[in-house]
Amino acid sequence: MHRNHEQITTDCYSYLSALGEWNTVYKVVFSVGALVTVIAADSVGISAVTLFFMMFLSVGVGKIPGRDYFRLMKVPAAFILLGGAAIVVQFGSGDGSLFRTGFFWTNLFITESSLSLGLHVTLKAFSAVSALFLMTLSTPMGEIISVFRKIRVPVLILELMHLIYRYIFILSETNQRQKDAAGSRLGYCDLTTSLRTFSGELANLLIMSMKKAETYYDAMEARGYEGNALFWEEKRPLTAKQLLYGGLYLAILAGAFCLVWRRG
Amino acid sequence: MTTKQKKLIGSVAALSVVLGVTPNAYAMHIMEGYLAPQYCIAWGVLCIPFLVTGYLSINKKLKENRKNITLLAMAGAFIFVISSLKIPSVTGSCSHMTGTGLGAILFGPSAVSILGIIVLLFQAILLAHGGLTTLGANTFSMAIAGPLLSYGIFRLCKKLNINQYFGIFLAAFLGDLFTYCVTSVQLAIAYPSAQGGIMASAVKFLGVFAPTQLPLAVLEGILTVLIMIALKTY
Amino acid sequence: MKEKILEVDHLSFAYDNNHNALKDICLAIYKQEKIAVLGANGAGKTTFFLNLNGVREPSGGEIRYRGETVGRKNINQLRRNVGIVFQDADSQIIASTVKAEVAFGPLNMKLPRTEVEERTLSAIREMKLEDCVMRPPHYLSGGEKKRVSIADILAMNCEVMVFDEPTASLDPVNAEILEEVLDKMEQQGKTVLLSTHDVDFAYRFAQRVLVFCGGELIGDGSVEDIFRNEALLRKANLKKPVLMQLYDLLYAKGKISEVKECPKRISDFASLL
Amino acid sequence: MKEKILEVDHLSFAYDNNHNALKDICLAIYKQEKIAVLGANGAGKTTFFLNLNGVREPSGGEIRYRGETVGRKNINQLRRNVGIVFQDADSQIIASTVKAEVAFGPLNMKLPRTEVEERTLSAIREMKLEDCVMRPPHYLSGGEKKRVSIADILAMNCEVMVFDEPTASLDPVNAEILEEVLDKMEQQGKTVLLSTHDVDFAYRFAQRVLVFCGGELIGDGSVEDIFRNEALLRKANLKKPVLMQLYDLLYAKGKISEVKECPKRISDFASLL
């Protein structure tokens, strides 16, 4: 939507998604419910079903461009791949392994169970991320915070969340300008200069933000803030269509559970 | 070249390929879906006393002066932003600071616990780093354990009259390192090895993340010192 | 005699560091006045506005709102009736969508939900922001942000509207929208205070001019009086408006007839030549 | 024919989201030109400047510096020779004292220490900042910060100086200092590009005007040509400079003699009436 904030990856989709109209609490319950189901069920079938259904909701129904969706999925990939590797590869004597190689004084090896656990965990992680994406790619931060209010998170924390969310973008915009200005003065000409420039930018960003904080408070107070900020929350009706998708997911889950259970 | 060396080089090469494939080396956030429910809950519960202490200290600060709310929020946003910025590098790979050490030194460990959990939540929501169910575990390692150790070392070095900047370096470096160790142990508890159990598994997780995390910890230490020097002159 | 809304009585204000930001300001503000506030950066304009709205508490003197001295108890009344559009829109915007942002003021005035919504949408319409209602402020352009910050205050429906340097870095399109809003406010009978460095704009807009210099109010009078006072202009480092300079020049050369009030727009010149 | 310094050849630039910020810009910049860059916010002025300095890499077309195509290898040469004074002085500041701040550019150019110091102090003198040499820039007033940001670039001794909206929110004192600097640059034979929303200022300052609209260069010509082109002005939402409007009016009424070039200052009018 805009050139700034490229490093803040998911935010812009939450304002564009066709799922934005959905009832916020329902959406969060749906997403977190699926998330908990995936990790509690701990089953390949449930993970796979959830992964595909959540992708269908975000991309198919929510109209998030598929290419962007997979690009976002790559973000947690570093951790998931490394973590997966650590689970798959065992060391020790390595009896009954599929593959074994000497490594210093010990052996690295992969067993059938470690391989299947690794693949299983990787699938589960991607599935859980897709469930999280259902919420994050369709719910603007202000609405997520409104759900926290409903579950009685202290007002002080809510207020901090609102302000931090806003300030994140102000600071990152400022930093983009800092980077351009420093770059134009050859601040990134070599590595040592770059590191010095980078830390100089951050120090200045901190000072600037601390100095601005007072003006920001004044502006809030001038608009009637009395130590307990109230924020507008949109009312989003729960429709039959939204419930239908939830029902569909539950039906598929039930089917998958039956299959898993019958197989033993 | 012995076969051992070959294998070592091979595994290092394999790792760098993995690192090359993965565009972003963030600090150690345990990803969504990685922990079973009992661990999610256990780590969450373990955070509660620290978070309550943090909440009370923030609350007291605000009672003294209501205007601190925007300052605190700025501090939180600042921690988020430094953790989302790419550290300049020649190789083109990107890495990010954790900001835990700097945050603890600047704002104190109790405020950082609350700001930290908010920042971690935002990282999960806005950057797809970490997750909701793993929030407890991540908060414990990155917003509580790391900052507490950093702050402790920072104070200790001050008391022992160790060179101030060396103290800051140690605080940030060890805080980062500690975070990475705690995360590895958290993962090991969730995924113990068939042979050797949790200990062996912890060694594996430490080993697998070492190539990204060790240089990052050193860089974090250096950058924290540079930032503190720049701030000191004000 | 017009209704007196605000009275500023020997107002002084000092920041913590004892540096006096405002010294002994006395003036009264009447209903429907259009006042331009001039003076260099750091002359005290912004501090004056913050005192006027009650965000800062005077260190000396007092402010009376409709005859009533403003103190801790009735300060909210002042804040509700004097709205400030801050110079930097970013520092004013706090909510995560345009609608939530504009609703912040009315909502914190504890108005009923339907009225909050009504006022919010009407302010958004007035500032031509219909396309951005559900967009977050960080995806708006600079001009849109400025308009949001004005809509913020419009929705509070204040009696007195204060604009802190609204013209700085506005592009022509947004400057035009601003002038429209100012015209509309005049029709609605609002009192407007506006600080600016642009004397030509001040000359066109205002009936009355306040000149600040080093925390003191060194000039308070009609546009004509202030801009004819060469000594005052020199002291405050202000230029005479271009149109006034031109009128004077043309008059000296005998090319234009004498008028009571100097023309304020180029089109006004045509009939005089 | 004057020396050609920069050639912009079918330059395009797109941000990640494929929204074209600059489309097919072609122009050449000559030594000692004084160019005003006009256009609404978001029209592409700042992006154009960033491309000109090499901070942004063109997505299409190329820039030639003294005939040489700019690529990754010689980009630092471009940065050394085209200096940008950014609109927001705060985010330009990087060091913790005024002296270190001004020395930042020359130091990164890897100049010998004595020359760095010499250039730094001379830039500080030129911007009348002698009193703040060792002070942290963040504690200066807005006008002083702006002056520091100009000194930053002066110290780099660039051939081409770019000012991104330098007049926005400058008070009269600092505006005067800015005009002095611009005059001095003319004497030193520098090329100056300057973006502004103030057509009167542009009219007074520039010989040549570039007009941007929606990422395209829709106008490039002499001040007279551009400001006489009513269709262009309407398209870019620009007003005619006041003095030009007045000249036209006076001329239509037969009160002023015909001249080849419209007078640029009020004092110029006196002799014509």
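Order of writing sets the labels: A, B, C and D. Residues in every chain begin at 1.
Throughout what follows, a contact is a pair of C-beta atoms (placed from the backbone, for glycine too) under 8 Å apart; a residue touches a chain by one contact, two chains touch by 3 or more.
Values in this document were obtained by computation on a predicted structure and should not be read as measured data.
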Tally the contacting C-beta pairs at the A-D interface and at the A-C interface, and name the larger one. A-C
Whole-angstrom distance, CA centroid of subunit B to CA centroid of subunit D, is 44
Averaged-CA centre spacing for the pair subunit C and subunit B, given as whole angstrom: 48
Of all the residues in subunit C, which ones touch at least 2 other chains? none
Indicate the residues of subunit B shared as contacts by at least two other chains. 230, 234
Where in subunit A do residues touch two or more other chains at once? 1-2, 11, 141, 163, 165-166, 170, 175, 197, 200, 203-204, 207, 212, 216, 220
Among line, ring, star, complete and other, the chain touch graph is other
Which two-chain combinations touch? A-B, A-C, A-D, B-D, C-D
Can you check the complex and tell me which residues of subunit D touch subunit A? 15-17, 19, 21, 50, 53-55, 76, 79-80, 83-84, 86, 88, 90-96, 104-105, 108-109, 138, 152-153, 156
Listed in rising order, the residues of subunit A that touch subunit C in the complex are 1-2, 4-5, 11-12, 15, 20, 140-142, 162-163, 165-166, 169-170, 173, 212, 215-216, 218-226, 229-234
Listed in rising order, the residues of subunit D that touch subunit C in the complex are 39-42, 87, 141-143, 165, 168-175, 197, 200, 237-239, 242-243, 245-246, 249-250, 253, 255, 266, 269-270, 273
In the complex with subunit B, residue positions of subunit A that touch it: 7-11, 32, 35-36, 38-40, 42, 72, 74-83, 85-87, 89-94, 101-104, 111, 113-114, 117, 121, 124-129, 131-133, 135-136, 141, 144, 154, 156-157, 159-161, 163-168, 170-172, 175, 188, 191, 194-200, 202-207, 209-210, 212-214, 216-217, 220, 227
Give the list of subunit A residues in touch with subunit D in this complex. 1-3, 6, 174-175, 177-178, 180-187, 189, 193, 197, 200-201, 203-204, 207-208, 211
